[in-house]
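Below are two complexes that have chain A in common, paired first with chain B and then with chain C.
Let's turn to the complex of A and B:
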């Protein structure tokens, strides 16, 4: 990792001026809190816009995107630095293949992340999907099993294709609330976040529109239908999650492979041994001796017991 | 496009043979050119010597479509000469790539739409009208901008429908070609004039009468939708109707009288006795219930933006344009691997339902804007085919909803063209269907279900109150016309003439081999038991 040359974040220059100022402000805030690198992991199903979102944040075509071939074959880390701040964004292939979670893909992602620290998880899905189903739950479950439940304290849900005409005459906000609620419900159930964990209700949701035909406001920033410029909004949400006090997830070998079954409860061995000795073996020996002492012996045995000590 | 035309004799008819090695000729409406006919897709794939090549510098098109283009055009007219002597062509009518067309220009992109899957080449141009931009078309067929349309238009042998623009209707057959109704009539008459005209028996008369009435019905429906009878799909249906009684009866072409009668009946008013069963099937959340609501024009089926709203198989009955529609609305199928048992239950209940209401049309609904990585939908299509039988794909159509969604940006940052997106999406679904059926010989491209584009959430409508897609199509009426045509054709099927062999030597005597092919093709359609069911 040390040998990897981190490139200058030139993409930030091609954002409109208003966006640039907001971004630099947010990066400044992070640096104030002594956060000088940020590692963002982007995960989700296939074909929903993970790579496009990464390209939009970085500001250049860092990851290959194709509408017809929707997956990058393996995880990719894009690193950029500017003004002393380093941003690492890790783009991953989609987890679902053929109706099931692709274990090989998951393995690849875990192996790629060994010894890296994840500061932020972006769980990506589309805004214009009208159903949540078991596949989403399986993705969430896979993420939770791989990185632990704590990762959801550092996560935000990102909804792509945000520039849509809501169906059935619903208002945009109403539709957005309905969709994000449904998705968050699935996240909470898949990650087994209990009702007592209030942080489960606080997972933020951000909207993203990666297409070139995104509407723009008077500052030429890309805006959502509700009027907010989404790039600064997304980075602001990321900043808030990064500074919310929870610990980043260090992906070490233990996390990846799970606990070593050989070393589990090794400390208890002498205790169990002592227990066995004192509470099982000794009483048994005592009981045997007592039994031997109490038994009535037949006449021929009594006569023969003295034979061993007889002198001829 | 370089095409090879040796060996064809066009002397006996109003046909113009294009010169060798030319691009498509300077087109004038009213001229018909016959290009080569091909054999089965298998033959194409096995054949090494292409006589017919398509030279194009099209834009990058998705793999499947390009491959199919390459394989579809391998054999040229030589094949037609061999084929006419064999029986193979008789038994496999739909394997003949069609061959009659006149070239007429388009001043807008022809949209990708389906029609009769079985039928190949027949439609109508607006007679006698000269297009201003004819030169444009000739050059454009070589240029990049149209090549994607060439790909899309030929894929699957479907017919591109007319547009609603003022220019009027014209049709692209399987390879971007158009047909003039009258000329085709002449062709067929010419081919049949060696046959003696027997006096039709009473039975024969009755059959003709029934067919005539069906034609009248079709005309009336077409008029009700506000379309002229030259609509491609309607004329195809009419030809099929005509051909069910065999091509050697010149009474087959009493279309004008049928048209007149239809106008009369329409003016009088009165109902049309036609009822249509349409089975709507697809994944969950794609817009099945919404499509039903849009077609019927009122909100009869419940829709929900967040949860599955249709949970049981139920019928939605409505009356539209005097036709009684019975939509069978089904719960959506799940794509998760662990929910397949739910799918099985749904498919079982669908099967039970369709026993009492056998569907005339099966609409497989999916979204246009979903990602198109290879074969994600194969498991669902497989379970559908296994439960309901591959017979349902005979009179099926593919409906792509959210069709007004703007295409995604490609690698260059520019959006993909709409046609490419539609082509790619439909090719993926068709590939899944043919894999699900499992028998590629049985389901070659010309039998693939046609594709319709649907948008249920549009705000803009044209003057007819019909929702308009980005490519200017009015999809609802196209869909309705196709459904009506399918239904009428299925009603005509019992009236079709029993087996009768055609004396090919007489036709040969004309010296027009591909003529024979054309006729053979028509006869064989009526003979083929696989035509509809």
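Let's turn to the complex of A and C:
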């Protein structure tokens, strides 16, 4: 898949003209900063619209989507280029299976990502879920353990199914803030981002509505209930994150397998050996000598009455 | 006996014992020379070392070749041998006290005994020869009637010299007390005549002479009373010797001292000359006392005897007998089987001097015997045997039966001899000396063995075919005791299929070189070099609970090993050496597999599990240093093990081998057996309750291939789990506690154990703990009982909360 030919980004033509303009403008901005390739990793639980989001961004049906089941058993990378700019979007299968993070899937994703650079992580969840639970935390944890804490510096939290009526007559904005705050909190605790790390609070949140019934504005751009066109907004946020100064994550073997445990403390082995010799073996030898001295001997052995130097 | 009314007296009391023992074992007295031909064999082995062993046996032998039947027979043979042994010892060593014990001043009681075999005509020989004669006559049941009217008293000298009289009863009459004493009286043992025996007049006269000269009696008479049935009733009337009371007691060791020769007293001496004579005798005796070495008798026994003297007032023969018994009892109880009280001297002064021969070893003889018992030149070098002997068995020490047993055990542990005897015998050249003889029968030096077996392997369709018959077996050879220095080479090859031995060929070749520092050097280091291979199922590739089946990984190791073991005590030792090995990891079908396999959720198997080797090829070659130090001061208290055991094991990689493995893999095990109650030690006493605390830490710094990872779970790790069920980690900690409560002959126990990977499972390459869904830690608790070698225990696995029953062999700790 990695050797897949990079196709021309034809999907961009499908977007409304206003969107196209904005997108090209953003891409130009990236190019100005010497960024000609952008790799986006999309991760999240299953069935929340990761693939649909990918399709929406690309503007074509690049990844098979099904309403009822996970279509992709393994990660898929979609690469499109336009005007000298390459966009790679990696779609991954849902991490949750049977209430647990599926290590197998995670392992597959990691293997797929070996020797790739991740510029952007899209952590996807639904907007219309009201609660966060332990499962979310586990997913965040799994992602952090796989790619390190640093990946959250290049992460966006993406909330799908953005076109909704908030329950109990809540204001849309209030609901959105509540939901995103809750999710960010989970992200911060799951990724073990310390309170003093201010960047933890700065993880941006973007909204997405992939449905065809999505409201459109006068430019036939898909808009959110608040009225912003979400595709340009998303790409804009992505661009901002890509240019926020943090380093892209290069996934290599070391990152996946963690630091080689065999190398840890290896240089201290001679010291360890010396310690063992002087502080374990020697004391044990002394203890044995002690034991020998204190051994209870039978009376006949103590009463030994050798006739010293007596000749017969 | 006014002629002996000297200022000091000697008395030889050993007579009693020899006689009494003869009475108990009349059959042996048929032998005219019981001194040399009597022999007892006390079967014993290292397991018979319990303190309950009777200390009375002068001759120990082991047949180590067939230990299992021997073990069963030990208690019986010990018991019987003990009885026989006490007998044999006394007979054998009794002549020590002979040889003019009656010295100058004494009664000359034990006098003229002679050295057993040599100097004839002595008192002892007479003693021994008389029953021999009786025995001869017993073969001829005829006896003569006295031919006199019934119920008349006949003096001994009135009896006919040609008749054989039958004694129907023997009575003792104490003239001083004016009573007839019963057979329980200590004097009774001094007489060799027995009711129902047939004796001639000469024999009776000899007996009387014996009694008269033994020093116990001032006056002895014998008279017969005729019975209607033609037999005689013999009455021995006596007056017990008494001396003036004493308030001091001294025990001296006269072993190896030349016995003073009695100077004939000229009956024509004037009173002045007599006085002179006595004075010189007295002086001689003083000198003798001064020259004598102090003896081992402790103060407590001294005091006891002083008390006896004080209680008694006058010193009587009976009292001396009692003193002798007490002194000898102490010696024999302490294992000095050859110790004898030979004389009492200085009687009629304020002091009683007890002369003891303790049984000094004058010579140690090591003898080799062939199968027929002929003395041969052995192959084994004597220093090899000498170094196993306790110091107390060497020349110039006092022979102690415990030292003999120790020697027996030590020599037995060499595993070079089929029969071992440690045998003390009197030294004829040195009065009171003991020669310790060690008689050994050597085992065959070379041995080869082939054992075969056929195994029928199901062929196609499950039916065995001719082709599926597999001949297997073991070929082994052993060359022991090379150069007589206990060096050995042993090798064995085992296969289950001789047609295709490459399938599973187990071989071992080992060379053992003891006494690395020289056979006379007390330092005990042994060099071992071996060539080995082994095949084991790796517990690293085991599934956790609920994981159906993890494809197994076999770890084959083949290599060379050389190490030096220094033994400090029987249990504590230090081993260090070099190991070079090739490790190959294989799957079920013997294919080399560089990665563990795992079952995919879809049911398929993927071979991308954790790497099995360091090199990633499935074959690792590595060289490392290995050291192991064991400190073990455990001992048995009534069968319960008590003490402490610490083991530290270290594998230090040298960076030689595939991928230059450099590592430090270490394990420390500490086990304490804490006695919770003081108990009296002794056979048959209940063992104390014991609390066992156990800790095991294992860790590795540096390169850690999966086959060297520490696994958690299993009967020797955390009970209640399968081997490796809890995980495989870089560092582990296991803690266990067990309380053992004695119940009847065995014990029950409760235990709790915990094993933890200390979060280091992920520090093993490929994280096999996680891949095979294991917890990485776990606890268990349970209870069990021990039945012989088998432990039955119920253990509750704390992770799942389920319990199960296990039957296991051997000890957990």
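Rule of thumb we're sticking to: the second predicted complex is superposed on the first by the 262 of 312 C-alpha atoms of A that agree within 3 Å, B and C clash if a C-alpha of one lies under 4 Å from a C-alpha of the other, contacts with A are read in each partner's own complex, and residues count from 1 in each chain.
Operating definition for what follows: a contact is a pair of C-beta atoms (placed from the backbone, for glycine too) under 8 Å apart; a residue touches a chain by one contact, two chains touch by 3 or more.
This one's a predicted model, so the numbers in the text were calculated from it and none came from an experiment.
Judged by the touch definition given at the top, the superposed model places A:280 against chain C, while chain B stays out of reach. Of the two partner chains, chain B is the only one touched by A:129; chain C is not. In the superposition on chain A, contact is made by A:288 with chain C only, not with chain B. When both complexes are overlaid on chain A, the residue A:265 reaches chain C alone and has no touch with chain B. By the touch criterion stated above, A:303 is placed in contact with chain C alone, chain B being left untouched.
When the two structures are aligned on the shared chain, A:194 is found in touch with neither chain B nor chain C. Overlap of the chain B and chain C interfaces on chain A comprises no residues. Listed in rising order, the residues of chain A touching chain B in the complex are 46-48, 52, 61, 64-71, 98-100, 128-135, 138, 165-168, 170, 175, 178-179, 182, 210-213. Looking at the complex, you find that chain B touches chain A at residues 62, 284-285, 290, 303-308, 332, 334-340, 369-373, 376, 379, 402, 406-411, 413-416, 421, 424, 456-457, 459. Within the complex formed with chain C, the residues of chain A that make contact are 103-104, 257-258, 260-262, 264-266, 268-269, 272-273, 276, 280-281, 284-285, 287-289, 291-292, 295, 298-301, 303-308, 310, 312.
Considering their complex, residues 256, 293, 296, 334-336, 360, 362-363, 390-392, 394-398, 400, 402-403, 430, 433, 568-569, 572, 574, 600-601, 627, 629, 631, 633, 646, 648, 650, 652, 662-664, 666, 668, 701-704, 730, 762-765, 770 of chain C touch chain A.
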